[in-house]
Each structure stands twice: as C-alpha cells, then as structure tokens.
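Look for subunit A in each of the two complexes below; its partner is subunit B in the first and subunit C in the second.
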Partner chain A sequence: MQLLVNALIAGSLAALIAGGLALVYGLLGIFNLALGQTVLLGGYATWFLYQELHLPLTVSILGGVLVGILFTALTFEIFVNPFYRLHRFLPLVTTIALSMIFDGIILLLFQSSPKSIVPGLSPIQKIAGASISNEQLLLIGATLILLLLCAYILHATPLGRRIRATVQHEHAAMSLGIPTGFLFRSVFILSEALAAAGGIFIGIDQNLSPTLAFPITIKAYAAIIAGGKGNFWGAILCAYLIALLEQLLIGIHWFGAFYVPAGYQSTVALLFIIVFLLLKPTGLFVTHSRTA
Partner chain B sequence: MKKHLSTSSLALAIALLASCAPTKEPIKIGYIGPLTGEAASYGADTLNGTKLAIEEINAAGGINGREVVLIAEDGRCTGADAASAAQKLVNIDGVIAIIGGQCSGETLAAAPIAEAGQVVMISPVSSSQDVTEAGDFIFRDYPSDALKTKAMATYLAKEGFAKMAMMTENTDFATAFRNALTADLGEEHIVFNEVVEPGTKDFRTLITRLKATDFDIFFPNAQSDAVMAAMMQQLREQDLTQTAITHDVGDSATLGEIATEAVEGLLVIAVPSAGEDGSFGATYKEKFGEAQATMSFAAHAYDAMNVLAKVMETAGTTGTAIRDGLYALQGHTGIVGTFHFDENGDVVGIPYALKTFQNGKIVTLESIPTE
Partner chain C sequence: MDFLWHLIIIFGTWIPSVTTYTLIFGKGKMLHFGPVGVSLFTAYVTILLATATGSSVLGLLGGLCGALLLSALFAWLSLRLEADAFGVMSIAVHLGIIAIILNWSSLTRGALGISRIPRAPFPTSLFLFAMVMTVMSILWILAILAIDRSSFGRQLSALAEHKWHAMSLGIERVRVHFLAFAIGAFSSVLATFSYLHYVGLLHPNDFQFPAFILYVMFVVAGKPGSILGSTLAIILLVLLKEGLRFVPQFLPISVSVIGPLQLILFGLILFGAVWWRRDILFVKQRTI
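Coming up: the complex of A and B.
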C-alpha cells in the first residue's frame, strides 16, 4: 500500500512534466529542451514569492505558474517561432542554447544552495496503513485535476478538435478559419504552465537545486514514447506506470529471495524507451491518424 | 620572537632580491571545483575563500612583487569535467599551482594530470582516503576520511549502537566513506546498505523497506545537503524516529533551513567550525554574503591559498620547489588551525568535532582529537 502511495507521489510529478512534454512535442512536434528549465523557474519563482516576499502560498503558486507562462511566451517568440517555420528541428538547437543560458541565470539569481518552498515536515495522514502528508494529498489531487482538464479539452471539446486540426495540417486548418497562430502559441504556453507546476510540486515536496531537471525530462520522454506520440491520455498513464514500476522494482522482495539494488531504479525509464522503440514504436495507445 | 624576526628578515631579503629580479609577470593559480551542478555550493564557498586570500595577497603587494591571478574552471563534481579542467589549466594556461578539486572525485581525476605536469595541487575540502595516495604533488588541508570513519565507529560503539541502516549516493566520496566505514564497523553491524544514483531525491520506497528492518541508527551518506535533506525528511515523514548520524555534508546551515525539524538531533562528525566568528567571517560575509554550504569550506580554501603563497615567497615558483617547500613546512597558522603536511601530503593538526542540530542551528557537542 505504501508502495502505491509512493508511486502516486512520484507518478504525479512525472505526469505533470510528461503532460507538458506531450503537448509541446507530442502534439506540436517541437523539441523544447528548455522544458526542464521552466520546471526550475516555476519552482524557484514560487519559492521566492513565498519565502522571500512572504506572500500567501496560493498566491505564490499562482505567481510561480504565471512567471513560467511569461518566460514561455518569451521563449516562444524569441527562440522557437522564428526558427520553427524554417525547419522543424531548429528549435532543438535554439532551446539547448536557451537552457544553458538559463542554467547560468538561475545559478546567479538563486545561488547553488538548495531551496525548499515549505521547509521541514508536514502533518502525516494514515490511509489504509500508508503514510502520506496533507501536502502530498493536495499535490496528487491538484495534478489529477489539472491533467484531466487538459486531456478533456484536448480530446473532447471543439476547441481541442481545432487544436488537433491545426497540428495535422496547418494550412488546411487556416483555410477553414481556425486561428492557427494563436492556438499554436497557447498550446505551447499551456505545456510550460504544466511544467512550471511540476517545479512547484518538487519545491514543496522535496527541495530545489539547479540541476534536478534532467532526470525528470528523461522520464517524461519515456512516458510519451510509451504512450504514443500525440496521445495525451497515453503519456499521462505511462508516466504513472513508470513511477509504479520504479517503486515496485526496488520495493518488492523478489521471489522472497533478494532486493534489486536501488541504483537500478533509474534504469526503468530507459528500459521503457528501448523496449517500446523496439517492439511497439507507435506506443501503447495508438491513435489512428488519418492520412489524406 | 626570534623565529619571527628571522622569517621576516628573510622575507625582506627576498623581497629586495625580487625587486631587482627581471620577472614581474603575474603568477597564475588555477582553481577546480563544482561551480555548477548539485554540489555547486561547495564550489561557491571554496572559490570565494580562494578569491579572498588572493585579493589580500595582491593588496599587500603580491608574492615577491608579482601579482597573483586566478583562473577558475568548473569541475562539476565529476571526474571527467575535473580532468578536462586540469588539462586546460596545466597544459594551456600553464598555471603554477592549483587550488582544487573540491569533490574527492574531482581531485582524484585531476591528480594524474597535475602530477604529470609537475603542478602542485592543494585541495581544500576533498576528504576521500584515496586522495592520500593520489600523488607526490597532491596536498590537502582537510583531514582524510580514513580517520573519520574510525572516529564514527568508535563513537557508535561507545554509545551502544550496533545496527546501522545506510543510504549512499553513488559518488567517489560517499562510496569510499561507505567502504571504509563498513570495514571499521564490521559488515555484521550494517543491516541495511543501499546505493542510489547521484541526485536521487525520492527515497520513499527504500524507507518503506527500512520500516521492516530492525535498526538503531540511520546514516544518510549523501554527497550534497540537498539530497541529505530529502533523505531525512522522508525518513521522519514515515515515523522512523531512530537517531541519525552523518559526516561533513551534514555540517551545512542550509540543511537546517530546508529540513528544519527533520534534521533536529542529527549528529554530525566533521571538522571543527572555522571562520564563522572573527574578522575572516566578517570580511567574507561583507564581500560574498552568507556561505552557501559552510564557512569552514571557505576557510579551508583561504588557508590553502595562503599556505601556497607563503611557500612560494621563499621557494619560488617551480613545481618541485613548491612541493618540497610544502613538505618542509613547519606549522602554518591559518583560520582552521595550525597545521602542516605529512609525507603523503595529508594535513596534520586538524581534529574533528561532534556537532548536532538544535532548533535548526548547528552546535558543537565535543571535540574528537585525532591521534
């Protein structure tokens, strides 16, 4: 039971970031390697508002997401949009540059010592024998609501249909009167708002240090590959699945005989990528895309 | 007094000599440390400590009239980055000596390159016992873990702790500490022994497993305070109340700030606090603000640079002369204490202290002398 709770906590975090990645890469097809930096920025901004300016926590969290959104809007206009039109892969290069610049800026602004948005311990609840803190319950709940909302909009509303149409064929969509530029921009920004929320999650549950973004990004990539490119539901489900497998791998007394050393935990996501690319490159939940 | 007179007159004589010597070129000193990455707080403190020493040396007229310039390179707390940093410093910049590395992994990887180029390297904070054997040109003014694991084992035996649960971050420093401690405690006293990837911050499942283990002392063997904070928080969140003990990484004010009551009562065996009070700490804070990890890291770097300058003043600036000068040094009084180097380049004269967290602040309980 505790294992399930552990997986839920880790999985929620992974799913938030995978959700962001599923939008930007899965849907728009843009490689944004600065996603991890948005994660950090969201976390650090919230930390600053809450711990340094002493604003209420909810205001700080909203502020953190807002900073993430502003940063993303800037990223999109300067580093992605001008290049994306020229070649699909160009943002790959420009966002690497951006991520490096930003790593440096974060180090300058917030220095290298770790930061925690809510330091110390929080009250623990016992649910069916498993310990979980109030904050973690809230985080898990908030993540689910956020992601379900995104998935619902994307897959079950007219707006979502327009977005998917834009992605499938931009010019055709435009000729039908869909404001493609606007939709493109908003999906990109939404993706990073999710990422910023992920950073806030880390800052509340663990602590922030300037280098933590990379391993999470790897897990997110594994989740969207396994979930099927362009499938938001799939990516999220797989993020939870990977987290669960990670916890089970090292948490179970295998065959009553041995424990798998904890060092192997991080291989789960990588194995996931390899297995799926080899056996089922389209992902677990393939959506039938129509070809003209 | 007499000795004082003779050294100062010697310095004067050399200063006179130097003033007519032709070379006025600046003396290049290299620095290797984690300026970015998970351990960047060690880099910030030690780099600032080194800078402060160099500023004071230059303000006092440099070394024999020659200005000291610092070339800092990022070792990222990894061997690979430290090795390429050392390559650049030794072979391209042609530095006279290096202050670094900071993480033991950095020092061990940079050592062969410094050794081959006959460049003296003094590490301010590397404590892995492997550094003892790293080479003839490699020094450190931070005591080796070889003695610290013994001190920890002695303390645990004295207090009657016999079942240790240990979580180790997979870095050179932490795994070397784990191996030495396992040897000193005896394998039968370690009931839980897991190694995790560097930077891991999710220990919940390991701690769930720990709940089913019968242990009386917990040892978070992390490379950085960020990771140690996560270990301690998640341990206490699952209602495990056993005593915890750790090494120098726990000697971090930041740890008290971010983990607060989770580290209350955490025992730390580390070098004595140094530089916090007094003029060094005051000057440091005025220039750079609060230390990122601990002021004593800055103090060790400051002393390493000063001891180097002191030797260069008399011995000159060739690698072998500096090396011999350091071995011959008879007690240098710096911020961290009065010390010299033994035949392996290890520091002699720095004891340990047992500290603990009380109300989020680090207090010293007792001093542990080293034999």
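Coming up: the complex of A and C.
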C-alpha cells in the first residue's frame, strides 16, 4: 500500500509537469530542455521569499509561481519564439544554452547545498496503513483538481476546442480564424507555471538542489515520448506508470533474493522506457493527423 | 612554456571526438546528445579492465568494444525514434550511465573517481606528449576530412537533407547511421585514452552535462558540418576556458565563482552561436 501511495505522490508531481508540456509539444512541436531549471527556479524563488525575506508561506508560493511565469515568458520570447518558426529543433539547442545559463545563475545565487522551503518533519497521516504528509495529500488533490480542470477546458469549452484544433492542424486552425500565436504563448506559459509549482512542491516536501534539473527534464519528456508525443492523457498516464515502476523496482524483494538499491531507481525506469521505445517508438498512444 | 604544451594537449584531447561529433550532429543532423556518455563508459571500461588484467592493451580493446556496443545502441535508437525524441533519450542514456557509475561504488569508487591511473611509458615529457597529440590530431583531422569528402560523407548529407529521397536513391540509412556512430566510438577511445593518460584521474564530474554542452558549442560555433571550423572553435574556446582560470588573479572575485561564471558565459556563447547559425544549423525542407 505504501508503494502505491508513494507512486501516487511521485506520479502526481510528474503528471503536473508532464501534462502541460504534452500540450506544448502538441501545439509547438518543441522540447524545452530548460524545463528542469524552471522547476527549480519556482522552488528557489519561494525558498528565498520565505526563508530570507520571511514573507508568509502563501505569499511566497504565489511569488514563486509568479517568478516562474516571468521566467517562462522571457524564455518564450527570447529562446523559443524567434527560432521555432525557422526549424522546430532550434529551440532544443537554444534551451540547452538557457539551461546552462540558469545553472550558473542558480549556483551563484543559491550555491550547491540542498535547500528546503519548510525544514523539519511535517505531520504524517495514516491512510489504509500507508503514511502520507499533509503536503503530499495537498499535491495529490491539487493535481487531481488541475487535471479535471484541464479535461473540462480541453473537452467542454471553445478554448479547448481551439487548442485541440491547433494541435491537429495549425494551418487549418489559422484559416478558421483561431489566434494560434496567442494560444502558443499562453499554453507555453501556463505549462511552465505548472512546472514551477512542481518545483515549489519539491522544495516543501524534499530538498532543492541544482543537480535535480536535468533528471526532472528527462523524466518528464520520457513520459511524453512514451505516452505518444503530444498526447495529453498519454503523458499523464505514463507519468504515473513511470512513478509506479520506480517505486516497485526499489520496494519489492525480487525473487526473494535481492533488492534494487534506491540509487538506481530512476535509471532503471529510464532504461525500461528506452527498451520499450526501441520496440514501440511511437509510444503507447499515437495521435494521427491528416496531411496533404 | 609548460602552459603552452598543456594547451596543445588539451586541444588534442578534444579534437578527435569533436570533429567526429561535427560529422554526426553538424553534417548528419542527428540529435545525438550522448557523446559524453560514450566517453564516460569507454573510460571506465578501459581503466577497470586494464586494472583487472594488468594489461593496457586489453583495457584499450575492452574500451573499444564497450564504446562500439554503446554507439550501436545510440545508432539503433536514432533509427527507431524521431530526431528530437532521440535527442532526449540519448540524454537519458547518459544520465543512466552516470547514475550506475555513481552508485556501483564497489566497482567504480562512485563519486570519488579513480585516481593514480598508471601512465604509459611513452611519451616521457610534457613536450613529447604535446608533439604526439599534435601529430595524432592532424592525422585524425585528415582522416575525418577524407571521410567527409567521401561517398559516405555525401550519403550522410543526403540523409540529413531528405531521408526518403536519399533512401529512394539507394542510400542505406541503417549502414550510414551505424558507421557514423562507430567512427564516433573510435574517436571517443582515442580522446579518452589520451585524456586519462594526461590527467591520471578518472572522475565522473568531468563527464557531466557542461562537458556535453561544450561539444554542441564547438560544433555550432565552428559552423555545423565544418571540420576545420570546429577545430578552430576548439582552439579559441579552450583558450577562453583555460584563460578564465586566471581571472581571480586580476579581478577581486572568488575562485568558487569561476565555475558558475563559466557556465553563464558558455551558455551565452552557445546562444549567440545558434542565433548566428540559425539558418544553417538544421536543414529546412522546401515546401509549397
């Protein structure tokens, strides 16, 4: 039971980050390799506001999300927008440059030592024999609400229909008067704001460290690729599946003989996805679109 | 004078792998983001095998086999996945190798790395080492230039420009990809062996992401696909990198600040280089 709860916690965090990114990939067809830095920036900004400026936690969290949004807007205008029309792979390289710049800035401002937004142990609840903290319960609940909200927006509102139409065929959507430029910008910023919120959760539940950036990025994109690139629900399902796989790998006494050490947790999951993609490169769910 | 020999040796440790990477990423447009992972894997296999058997030759052969196997995996991934998905998953392979090395400490000594690597009996002095590296670099550049101008180089360009058109003309995509990655494996063995022999220390931190970003920067700044351009970029940017170490002697800043400053500066250079090369970095297909 504890393994399932742990998978639900880790999966909720991954789904929060990967869900928005799947939409971005569907709309723009780009990968942002500075995603992990956005996640960390949200966490570090909250840590700074709460621990150094001693602002209330709620205000600090809102400040962290706001910093994430500002950073994302800057990322889009400087590192994505001038390039993705030329070639959709260009932002992959420009965001590598951005990740390097922000790694340097994070190291200069916050050093490499781990930082926790709320140090100390938080109260633990017992649910069906499994232990879970209040913050973790909040994360699971918030992710569930956000996913339901996304489902409602995507499938029951005119905005959702416009987004889905643009994902299916950008030029057809433009010819029908859909403002695709505005949609690109807003979905990109919204998705990365969710990623920054994920960073704040990491800072509250665990510790922030500059070394986390690339593993977060790669795990989120692995979920998107394994889910069938651009498929929103596929990415979310795969985020939960990867988290479950990670928990089962280290939590089970394999063949009654050995445990997989915790250090290999994410590695084995990533290698499993690589093998899976070698067999089924399109991922679990393929989104087909008509081409001329 | 020793610093000059040191610089020449450092150029020599970069040239084989970067000029080959130019062929793969710059000319072939394969988003291979795992060349440092190959070097890391090669380095550990070489050293561990050489230590276990007491033979450098066996270590080197083992390293070459390891590099070829890992490169074959990358080639297979590049054939199966779309280019951008391959880019992300090649970083995942690199991450996986780092995690295994850091966690399998009984074999790899984890984050401590492996120190006191025995040096080969030749070259005996820094000057001779620099000369050997110069000759090796020139020979490697000539070999890569020959490959670049051969039918194989043209096949690589054709596949990068239009996969289906190239294949319809009889170019075997599988053969070209495996061959390109195999050349990458050879260059990684050469570069890793000379680097380890010079430094005498194998540390996983030297093979992290900043090292990989340097690869991309050398290729983009030197003009994608240009062997001589990337060689010139290596010389200029390594000079800048090594020169930054002397900044604390002239400016009132702490030594600990140099690492993050280097990351910021190189990130800005990479961004500037992509901006400059934005029209030629990836092939634009003609549409109507």
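We adopt the following convention: the second predicted complex is superposed on the first by the 266 of 292 C-alpha atoms of A that agree within 3 Å, B and C clash if a C-alpha of one lies under 4 Å from a C-alpha of the other, contacts with A are read in each partner's own complex, and residues count from 1 in each chain.
Note that in this section contacts are C-beta pairs under 8 Å (C-beta built on N, C-alpha and C of every residue); 3 or more make two chains touch, one makes a residue touch a chain.
Small disclaimer: the values here were computed from a predicted structure and weren't measured.
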item: Fit or clash - subunit C, subunit B, common subunit A; value: clash
item: Contacts of A:131 with subunit B and subunit C, given as first, second, both or neither; value: first
item: First, second, both or neither for A:254, with subunit B first and subunit C second; value: neither
item: First, second, both or neither for A:263, with subunit B first and subunit C second; value: both
item: Which superposed partner A:9 touches (first subunit B, second subunit C, both, neither); value: first
item: Subunit B versus subunit C as contact partner of A:119, first or second or both or neither; value: first
item: Contacts of A:215 with subunit B and subunit C, given as first, second, both or neither; value: both
item: Which superposed partner A:271 touches (first subunit B, second subunit C, both, neither); value: second
item: Subunit B versus subunit C as contact partner of A:107, first or second or both or neither; value: both
item: Which of subunit B and subunit C A:152 touches, first, second, both or neither; value: neither
item: Stretch in clash, subunit C with subunit B, out of 111-119, 129-137 or 147-155; value: 111-119
item: Where subunit A meets both subunit C and subunit B, residue numbers; value: 103-104, 107, 215, 261, 263, 266
item: Interfacial residue positions of subunit A with respect to subunit C in the complex; value: 30-31, 33, 79, 82-83, 86-90, 92-94, 96-105, 107-108, 214-215, 218, 221-222, 225, 229, 261, 263-264, 266-267, 270-271, 273-274, 277-278, 281
item: List of subunit B residues in touch with subunit A within their complex; value: 36-38, 40-41, 43-44, 167, 170, 194-197, 199-202, 204-206, 208-209, 211, 224-226, 229-230, 233, 236-239, 254, 257-262, 292-293
item: Contact set on subunit A toward subunit B in their complex; value: 2-3, 5-6, 9-10, 103-104, 107, 111-116, 119-122, 124, 131, 133, 202, 206-207, 209-212, 215, 246-247, 250-251, 259, 261-263, 265-266
item: In the complex with subunit A, residue positions of subunit C that touch it; value: 31, 76-77, 80-85, 87-89, 91-93, 95-96, 99-100, 102-103, 209-210, 213, 216, 220, 257, 259-264, 266-268, 270-271, 274-275, 278-279, 281-282, 284
